[in-house]
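After the structure tokens below, expect a handful of questions from me.
As written, the chain order gives the labels A, B and C, with residue 1 at the start of each chain.
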Amino acid sequence: MRRRSRALALVVGLAVVAPLAACAGEGSGTPKLIWYINPDDGGQAAIAKECTEQAGGAYKLEVSVLPRDASAQREQLARRLAAADSSIDIMSLDPPFIPEMAEPGFLAPVPDDVAERVSKDVVAGALAGATWNDKLVTVPFWANTQLLWYRKSVAAAAGLDPSKTPVTWDQIMTAAKDQDKYLAVQGTKAESLTVWINALVASAGGQIIENPEAPADEITLGLDSPAGEAAATIIGTIGKENLGGPGLPTEDEGASLSVFQGDKGSFMVNWPFVWSATKAGVEDGTFPQALLDDFGWALYPQVTADQESAPPYGGINLGIGAYSKHVDLAFQAAECIVTPEHQATYFATNGNPPSNTTAYDDPAVKEAFPMADVIRESLELAAPRPQTPYYNEVSTGLQQTWHPPSSVNPGTTPKESTDLITAVLRGEQLL
Amino acid sequence: MSTASAGAGAVRAQVPSGAPPDLRDAAAKAGRSDRAKSEARLGWLLAGPAFVVMLSVTLYPIIQAFFDSLYHYRLTAPDDKRWAGLSNYAVVLTDPIFWQALGVTLFITVITVVCELILGFALALVMHGAIKSLRGLLRTAILVPYGIITVVSAFAWFYAFDINSGFINHWFAWVPGISEDLNWFASQGTSLVVIIMSEIWKTTPFISLLLLAGLSQVPTELEEAAEVDGATWWQRLTRVVLPNMKAAIMVAVLFRTLDAFRIFDNVFIMTNGANGTEVLSLLTYRTSIGRLEIGLGSALSVLLFLCVILICWIAIKLFKVDLAGGARGAS
Amino acid sequence: MRQLSTRAKWGWGLITVFVITYALFPVVSIFATSFKLPSQLNLGTFWPKTWSTTNYEQILAPDGSAQTLFLSSLRNSVGICLIATGIAVVLATLAAYAIARLDFPGKRVVLLTALGVSIFPVISIVTPLFNLWRQIGLYDTWLGLIIPYLSLTLPISIWTLAAFFRQIPWELEQAAQVDGATTWQAFRKAIIPLAAPGVFTTALIAFFIAWNDFVYGISLTSTDRARPVPAALAFFTGASQFEEPTGAISAAAIVVTIPVVILVLLFQRQIVSGLTQGAVKG
């Protein structure tokens, strides 16, 4: 009986272990590079394919998709890098999260010659976003910026022509109110809210963090200032006076676009994808051509009439994993990915604007995006979000205190968020 | 042994299990004792692997979490790990965000369990009493929510109520308080309504099956006798059926309470904690996995664990839930 | 069986309609959404204006943008859940046999441990597991999910199987033993055929539970290598990263729900009896 039970135990043991051994390794051959990409319409995968072909066997570039949400992308990558994961070769990084990755040495240093080549002809904002502690730490890929989109009919009725003279937030708010229309802005509790707050604060001449390179407990916030108040006034008024419509507290970029396309659409701040998305809607018959013809575009609205706006800056830079087994090849692949030709095709097919100015001269770009020149101009003016290794805390802290928009109060909200973020950075509070 | 140890101790203390084993052994004849020994050995050989696996996937991590909770430790600054004592707990327990999350979690738990109990009992009665030709159909329908992934349920409810893609506002625009412009996910109350509805929809089948088990144990003679005595349906239900399945109801409630207390999926998908809908599990997740603050996150994990123990303890001590009822058959 | 009056028939008909509406409404709703054109998602109608399979192409067709994401997660989910279920059922069968059949000290401890593990707050052990997994290289692997999934599948398997085994006529085993068979032979020849249906039902229930997991799935994986379906649903995207992936998510939701509905249709009787017997009885 005893032997039997031992045999039984052995069977149990095998049953547990056997399936686990099934995870087999990879054969060698051409080095495989894995590129972690943010989701898109297949553009990065196409580029990866082309680069693999061009490399002629030097490497094989494969993509692996990250989550849709910017902060979730950061989460995934930071987790893996903290595990010193050698399978991360190239990463598509959202600029605000670059310092957090660069600071603990998660990013492989960019060789000087590569840095020189990939910085050539790159718009200032994108270059700044790719830099940490005065060193280029990532390779600029594409650069995004928000424009002011408007329905020509509504703007005309309100007596505005944003394409000729820059408009202010006050003007578009009044216009929306008078015309009984909705402003399309991103009021949902997500990264897009931080983008909006940052653009407003920067357009008012302020900055969210005064000393972004300081250690966590010495960071000073610049929100409790006239610029912070100006931003809070705009967001609070749009929220309280229902200028954004009932959907505002859950409105992300996609939802903003549907508000703008609807009967109550008037003005919208949003990324250029709105153009290709609406065009696709016209092509499959959902929208009339007249809707697309009614689309106008201009630079991001100003906070005050006498000061140029500082539009949001976004996009993707390529970081090379410090623990990658093929750092050299990864830089080689990154250089292939960001050639102006690839950037131009990517813009035309996926709607993500190039960071390289020469890519804007491509005829395909002009045809797909008639507003390419405005985008390029906007990129030169764009202000990045605070570049600090604690960006996640700062951004989440802003979202906790500035949401919903109707609760934002110029007298109290900037101070509240300053207190919360400061306490969190000192480890005195949860987030 | 974590929850189980506390649970086991508490339950054992109150369930009379006859004479202590050692006395029984002493009374046993030598031959029988040998047999008992080999039976015990075989018993542990068979049950041991499962037991060890269960302990190692829960006991080890929770102990580890307790150790981690005593440090300031952030994953993106690995060199900066330092001793924190109980200060992580102090930060958590003095923070209104924690108490708010605890309050929301308890609120969701209470409402869902009460609604599910009523609805689940109704469904159990339906399944129990259904005529043969319908029984299969009804059971199949009720089991569908049980089998569906919670995340799928969350998306289904979210899309139905969403101000952009939803149709609920169009359908129910005639109901006072609902209009085309109602944004369900813009305020705490309405967000919680949808979250709770999704949770109830998904888990009621489970509670109703637990109740069905209790229902099928009510002696039919008692019910028939009451019927002969001229008791109405309601009287039979409240006087005969319910008292006879009290234990089953208590166990079902405790199980669902603990399950509802760890609600995560629905909140994560629908609001991700916006508008004061943050629950404890989500707060823990955001702190340890999102912010990579392992120290603070572990403190939250331990506190969440203690909450579960506390609920168990309250149920067992105050409400005398007989968790070991099922074990009785075994002994 | 007593004869039903017309009124009772109508009553039951009404109840049936009501129950079916309750149970299937959200499923039908997401089914309808999955056939909407991306540009028509926001029309506010229940049924699609134009029925389109675009969303299914996106997740299933070879050139669909979410095809690799979805199919690899489907493969992971099926594989991981089957293995976790398999291990759990094997271990639970042995344990449940011991519990139902043998008298040994600590039997109750095993049962109560199972109970304790099944009510354990999952999120509490995610942080330490994540930290340990990344150190020993289990992060983002199948094994890294299979192990924690055992904490979900083992307890319920033990309870359900113990309940099943208690109802098996063990005299057969004794009879076999009298005929000269050993315990093991008796178990194999006389009991396994009787126990098989219970084991199968248990496997089904355990599989549902593993299939449903989300917390472990999002916390302990980060690529196609091990990411299960519920976690992958949160990764879908529209034509650009700013557009709502409503259609693709709905289509994927329907694809992963179909097997569940089929299993429920085929085995509703077994699942109900499995769950009600395994349930803690008063």
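Things to note:
Operating definition for what follows: a contact is a pair of C-beta atoms (placed from the backbone, for glycine too) under 8 Å apart; a residue touches a chain by one contact, two chains touch by 3 or more.
Bear in mind the structure is a predicted one, so any value in this text is a computation, not a measurement.
The interface carrying the most C-beta pairs in contact is the one between chains B-C.
Taking each chain's centre as the mean of its CA atoms, A is the chain most distant from subunit C.
If you average the Cα atoms of subunit A and of subunit C, the two centres end up 37 Å apart. Averaged Cα coordinates give subunit B a centre that lies 17 Å from the centre of subunit C. Rounded to whole angstrom units, the spacing between the C-alpha centres of subunit A and subunit B is 39. The set of subunit C residues touching two or more other chains comprises 42, 91, 94, 130, 183, 234, 244. In subunit A, the positions touching at least two other chains are 1, 8, 12, 16, 79, 82, 255, 258. Residues of subunit B in contact with two or more other chains: 41-42, 46, 49, 53, 164, 289. Within the complex formed with subunit C, the subunit A residues making contact are 1, 4, 7-8, 12, 15-16, 19-20, 23, 36, 38-42, 64-68, 72, 76, 79-80, 82-83, 85, 87, 252-255, 257-258, 270-271, 273, 276-277, 280-281, 284, 286-287, 350-352.
Residues of subunit B touching subunit A in their complex: 38, 41-42, 45-46, 48-49, 53, 72, 75-78, 91-92, 95, 97-98, 162-164, 181-183, 185-187, 272-275, 283, 286-287, 289-292, 296, 300.
Across the complex, subunit A is touched by residues 37-40, 42, 63, 65, 68-69, 83, 86-87, 90-91, 94, 130, 134-135, 139-143, 146, 182-184, 222-224, 234-245 of subunit C.
Subunit A contributes residues 1-2, 5-6, 8-9, 12-13, 16, 71, 75, 78-79, 82, 100, 103-104, 106, 188-190, 245-250, 255, 258, 389, 392-393, 396, 403-404, 427-431 to its touches with subunit B in the complex. Taken in their complex, subunit B has these residues touching subunit C: 1-8, 11-12, 17, 21, 36, 39-44, 46-47, 49-51, 53-55, 57-58, 60-62, 64-65, 68, 123, 126-127, 130-132, 134, 136-153, 155-157, 159-160, 164-167, 169-171, 198, 201, 205-206, 209-210, 212-214, 216-217, 245-252, 255, 258-259, 261-262, 264-265, 268-269, 280-281, 284-285, 288-289, 294, 297-298, 301-302, 304-305, 307-308, 312, 322-327, 329-331.
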